[in-house]
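Have a look at the structure below, then the notes.
Chains here go by letter, A, B, C and D, matching the order in which they are written, and residues are numbered from 1 within each.
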Amino acid sequence: MDRRAFIKLSALTGSAATLAGCGSPENHVIRFVPDDEIVPGIAQWKPGICPLCQAGCGLQVRVMDADAEVVRNGQRGMMKVAAAKKLEGAASNPINRGGLCPRGQAAIQITYHPDRITHPLKRSGPRGSGAFREVSWEEALAELAGRLDALAGAGAPTLAILTRPRRNLRQTLVATFLERFGAPSPLTYELFGDDVLRRANAISFGREQMPTFDLTRSNYVIGFGADFLGTWNSPVSQSAGYGAMRSGRPGARGRFVQVEARMSQTGASADEWIPVRPGTEGVLALGLAHVIINEQHRPPEAAGTAGALIEGFAGGLADYAPDEVAQRTGVAAARIARLARDFVERRPSVAIIGGAPLAPTNGLFHALAVNALNALAGSVGQPGGLFFMPQAGAPPAGRGGLDQAAAGLLSSADPPIQLLLIDEANPVFTAPAAWKVREALEKVPYIASFACFLDETSVLADLILPDHSFLESWVDARPESGALVAVAAAAPPAMRPLHSTRAMPDVLLDLSRRLQTPFDPPLPETFDAMLSESFASLPESEAGDAWTVAQTDGAWSGDLPQADPAARPAREPVRFVEAQFDGDAAQYPFHFLPYPSQAFLDGSTAHLPWLQELPDPLTSAMWSTWVEIGSEAAARLSIREGDMVEITSSQGSVRAPAIVSPGLAPDVVAMPVGQGHETFTRYASGRGSNPIAILAPMREPDTGALAWAGTRVRVARAGAPEGRLILFAGQMRDIEARER
Amino acid sequence: MKAVYALYDDPNAALRAVNGLRAAGIADRDIAVMTADPIEGHALMAREAHTWMPWVAACGAVVGLVLAVGMLLWGELAWRLDTGGMPVVAWWPNLIIMFELTMLSAILTTVGTLFVTAGIPSRREKLYDAEIADGKILVGVKDPPDTSIASLQQALLAGGGRVKRV
Amino acid sequence: MSAAPVETAAATRQINDDLLRPLLNTSWRFWALVAVLGGGVLMGFCAWLYQLYHGIGVWGIAWPVFWAFGITNFVFWIGISHAGTLISAILRLVDAGWRRPVTRCAEAITAFALMIGAVFPIIHLGRPWLAFWLFPYPSERGIWPNFRSPLAWDFFAINTYLTGSLLFLFLPMIPDFALVRDKTTGWRRRVYGVLSLGWEGTPRQWHRLESAMGIMAVAIIPVAVSVHTIVSFDFSMSPTPMWHSTMFGPYFVAGAIFSGIAALIIAMAALRKFLHLEAYLQPIHFENLGKLLLTMSLLWGYFVFAERLTTWYGNDVAEITVLNVTQRGSFAPLYWTMVVCNLVVPFTILSIGRLRTITGCVIASFGVVVGMWLERFLIIVPSLGHKFLPYSFGEYRPTPVEIMLLVATFCAMMLLYVLFAKLVPIISIWELKAGGYHAIEAARLPETPLANVNL
Amino acid sequence: MPHKWGLAVDLDACTGCGACVTACHAENNIPTVGPDQAARGRAMHWIRIERYWEGEFPDVRLRFRPVMCQQCDNAPCEPVCPTYASHHTEEGLNAQVYNRCIGTRYCANACPYNVRFFEFFNPVWEKPLHLQLNPDVSVREVGVMEKCTFCVQRINAGKIQAKAEARELADGDIKPACAQSCPSKALVFGDASDPDSAVSKLRRSSRGAGLLEDLGTRPNVTYFPRHTEA
């Protein structure tokens, strides 16, 4: 309480006392006896798992006493609670090794967010209006169980669960629930998913999973668009490896080259940054391979199957001579030759592809090309190269095709989904407007959401069964990448729930028992029982059995026998085909490059004030969206920093302030994803604009994944600065003379 | 109080009256002269001009300096705090405060000396006439011995003024 | 001493009547003016209360420009305060006869400008209710203020200067209070009787008063110089580009006297017009002060040139950045306005004899007041906004609260001055008389320069 | 021998990710000021990652540089404070005593690194965000200057812990929140008076340099520049 509030309160209490003559209201504030044993001022450290991305970083949660306002038996009062105070990376965790990214640090604000949904809610107004009324858990569960019973009675598999693709037991539970119910597997959607790379790895190496990069021992790293130090795959693990590569070995310093059209936060750290024409990254990779083969550094056979997949590989990739490649990619021939020599001569070296190169329509080709390059250099499975980590029990994959599901809903009079459960997904925000996900969801007769917050998707729900935060419930993760050993993580709740919420897995298990015809045999009673069961198959270590280790340290890790590579389907060798871009180049002269922002990823963390106020690494912008435009293009269009610009694609337009960036190819405009929420708590609603909305519905043909880098746009100045661009930095450049 | 005095328009006349009073045996310190302005340089005002005030002010300055040094040393040594790599007792900055307090003390001493030596403020009964404000010059004697009143009046009249008695 | 007594008496009565008239006759215009100016002061006070309630965030200051209008006003008003005491002390020491009608209105400016200036170090604090922690006393934990801080020096310097100049203003008022006491009745007689401290006007009192004034004049000049030097130390003690300069002391003192003279000219012109003191504040006064203003304008220009040239030649990147941002960057409009106001306008008007009239002097003075305010602003803000690390460069925009406070300071200055002129003879009557009956005679013949009639 | 705390920043390892910035907010109860105040330049980041562009497209480079209080030996912020709110501790830290600060903001003006931040208003934590506040760090009220402390609360906790366990403080026992969180271990904290500490070893390298060292501030943060290869 600040001084002023105290004075006001004293004035109030004073007058109240005079009026009522019965002492000060402070005496009426009930102090409940604490639930836990708390020693004030003494911190406890409890294990946790970061929930924000699939990296599955281990947490140490600092728990201390705090005074919370709570409701017990309808009585509001104060109680000393054991509250999480800070999240730190768990030093013992083989993935993040003590580090934690800014998003992970800020995740604690999910728990304490002022706009969390604190009770089950039932829609009381028109869909999307945001009008809800509180209901009891009993009422909510009874209603949902009733709906499920009705579906089961009709015998139609019209139940669907929409989630993110997740690597944890929660996903397994969801899949199991659907399977037992007789419904199709969970529908998953993630904007910046890596399905294309997984598919390419399956084709090249027989492993449909994300690779782990052994940067610690690398001498040479070439990145193809992968923001591996910022947002991509397992950024903390990769940053740890990067730090060790740069400074961890006395006398040896790994070199790092980044190839991309827009300088990312990762590209900023590169020794050499090479802008390349969007959609030609794989050509450059094969150009390197050409030089390596033709200068006889490595024979083409060294690339094995991964090489054989590429048309002309055995013949030395005649189509990818440096001059040819230079013409296609915009990278000088001499430079290509030098990069190629460096790549083999400085081995161990590794090439990393991720992000935008996988997101035009020919993304799979680029991934296969880079895989072939890695294989050619002998980097696969070798120290300093890339590995495929053995998996400690992977969850069943969901099914993609949200766009088809939406189209199906919109086209049929009798919706193929009668009851939709949504868990940790916000496709209304993260899917292109062209997919019409909102319109499709509006046609679903009944939606129940497990959301912690009202967002663009959960606001459409008829019933919201708010989940615990990750600190209040059992959490687990089975990371597929990030360490050279198998990792299985699980952590008990670090603190008691603040609100009247329930853990989604337990709700699902509860529902399975409430059904008129309960599952037989029944699912485990609780989620932690399920977890404990799943850890039973893992080998014991010195510290004890896997389950005990996981509970105390937050993660079990160890060597597991690597499964044999899956049989690879026979394929025609692939060859380069030009990427297809939506929009005519004359009318829409710019490639449009949305990218996951360092603070918000795909927008799912935009509600956290720390992240809103975190200056973007490259622009220093806070609380803003912006459009990055190259210096030359900006000069041509008379656009200056802060000016409002309009970006128009064939699907519509967005307005945002401009940032003139020196690190951007002249025919590219880039925009961070994450802002532009209509409904997402007080901190994110109505802030900035959402570039996903104007993406064209382009698809990578093999996987069906959204080709989010496949849209062309035109750019026009739309007006003077409107003060919406909030920068922390004063100037972009140092005073040159001082630095040396 | 009783007094005898005269008012003059002209400093020279007043001077003549003063001289007359002196001739009548009145000591300088008993002759009251009052003017509305310090008729600078006139012989009428050429009395009690000497003052030790500058020396007193200088002494005040020294006292201020000593007090300043004392305060600074006390203040800096009472709770030794390191700032910016400077010595705990830092003379360069201290010189500034020493200077200011020296000057302040000199000024206050001067004013104090003025008040003491000029006899202000005072509430004692005074020989005064409001006509001084109009430029008249008052010359007179306060509490004269009864026996000499007539001779004093004579002397004052000789100066050419209007004699008044209180 | 040869003037006829009758004429002398008449002249004395004339002076008394002319100079006491403003004290005795009050028109509605006075009350209207007081109401308007009082309203302005009240507005500033309300703005300050608003600031106290919400926090100093209602000002436009921001990272890294933590000082702006508040400190500009502080330096500006402290500068204005150099009008009086310094000028009148110097003129007193060199016994320039023409000073006599000017000294009191100059010293009054000093006293009031200092009071206004001294308010800002307090109200600009983040927690002004703790301002007393600046006072030199050991806190309950035995910690004194930090005597190494230029802000502590400010405390001593301003207090010394304020005490000195209030006494310097008050001492010569004592005989005039006695005069008012003698010439009035009723409450005035009682009040001024108390204020006159029982002044009689004996030779002893006159001698002591003049001795004291002589000593004070000697003492106040170094104090005045030190005050503005120390104010400049607030800046030059920091390793901030364009601040860390040995030249700041004399530069600030010159600027202070410059703005002080300008303020004095404006005040005198107003008094002359509104109190009908044409016979006392004559063109010759403006002429002389105008010449002084011209000198200071050139001196100021010299300092600015020296400062800029050394910075430019030194070619230190951080300093050059600040130099460029003021001369060519976002501060350029303000910078060149300052140059026009401080140099071009005063030089043009005052160097041409025909233009050095009362009106000319007043126009030049208004320019200087504006220009010197801008000068302070341009010393403070561009440097703070452009320190060393360009990532942390920042901007500043004033808010209405700051503008209201600025306006209120001018209202407060005028209000205090108007009230002072109402309650105290604005020209020192006894000094004027002591200046000699000849002076009065001369006053009736405008062609005779006053400066030639020294006694 | 008293400890002398120092930080080494390896710009070769720093990726500019901002983990240290958020960690610092979480550890030190630094308020978020919101978009309106942020737009007015009141955002508070005790540690910030400066980024500087060099060159023009396509030969463009970018450099990151985390800047926090440099804990200077000759700190310009200290002598200017009239109330000793900012002064030097025996362990070489530039202490900021919030209770003694009256908000002259002089220290911030004197600081060449612009690492001091000011509470322009009373900070607000929308309930229940306040439950996160670190009880080991005081919450500053309006009108107070604040800055990076090298996580002095962690330093003290580390020393107390070592004392309770009756052992000498070991190198690496104490880590400020920024160094703890740094994924690439670009920040190394330690006792510079211990010649065997990691930070001392780093400091002996001729590659290290203080920021704006030519001003004579003698900073206790050492920067190791990024390698530049042709």
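In this section, contacts are C-beta pairs under 8 Å (C-beta built on N, C-alpha and C of every residue); 3 or more make two chains touch, one makes a residue touch a chain.
Quick caveat, the model's predicted, so the values are computed rather than measured.
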Co-neighbours of subunit C and subunit B - touch as defined
D
Higher number of C-beta pairs in contact (B-D or C-D) found for C-D
Distance-wise, how many Å sit between the C-alpha centres of subunit A and subunit C, to the nearest whole number?
65
Once you find the CA centre of subunit C and the CA centre of subunit D, what distance in Å lies between them?
44
With chain centres defined as C-alpha means, what is the inter-centre distance between subunit A and subunit D in Å?
30
Residues touching two or more other chains, restricted to subunit B: which are they?
81, 83-84, 86, 93
Among the residues of subunit A, pick out those that touch two or more other chains and give their numbers.
4, 620, 729, 732-734
Touching two or more other chains, which residues of subunit C qualify?
143, 145-146, 148, 152, 388-392, 394-395
Throw together a list of every chain pair that touches.
A-C, A-D, B-C, B-D, C-D
Once bound in the complex, which stretches of subunit C touch subunit B?
1, 5-6, 8-9, 12-13, 16, 136, 138, 141-148, 152-153, 156-157, 159-160, 163-164, 167, 171, 174-175, 178-179, 182-183, 197-212, 215-216, 219-220, 222-223, 226, 230, 233, 430-431, 433-434, 455
List the residues on subunit B that touch subunit C in their complex, please.
9-13, 32-42, 44-49, 51, 53-54, 57, 71-72, 74-76, 78-79, 81, 83-84, 86, 90, 93-94, 96-97, 99-101, 103-104, 106-108, 110-111, 113-115, 117-124, 126-128, 130, 132-135
Mind listing the subunit D positions that touch subunit C in their complex?
37, 40-44, 48, 50-52, 67, 76, 79-84, 87, 100-106, 108-110, 112-114, 117-122, 141-145, 211-212, 215-217
Residue ranges of subunit A touching subunit C (in the complex, touch as defined):
4, 620, 729-738
Touching residues of subunit D toward subunit B in the complex: what are they?
72-79, 81, 84, 86-88, 218
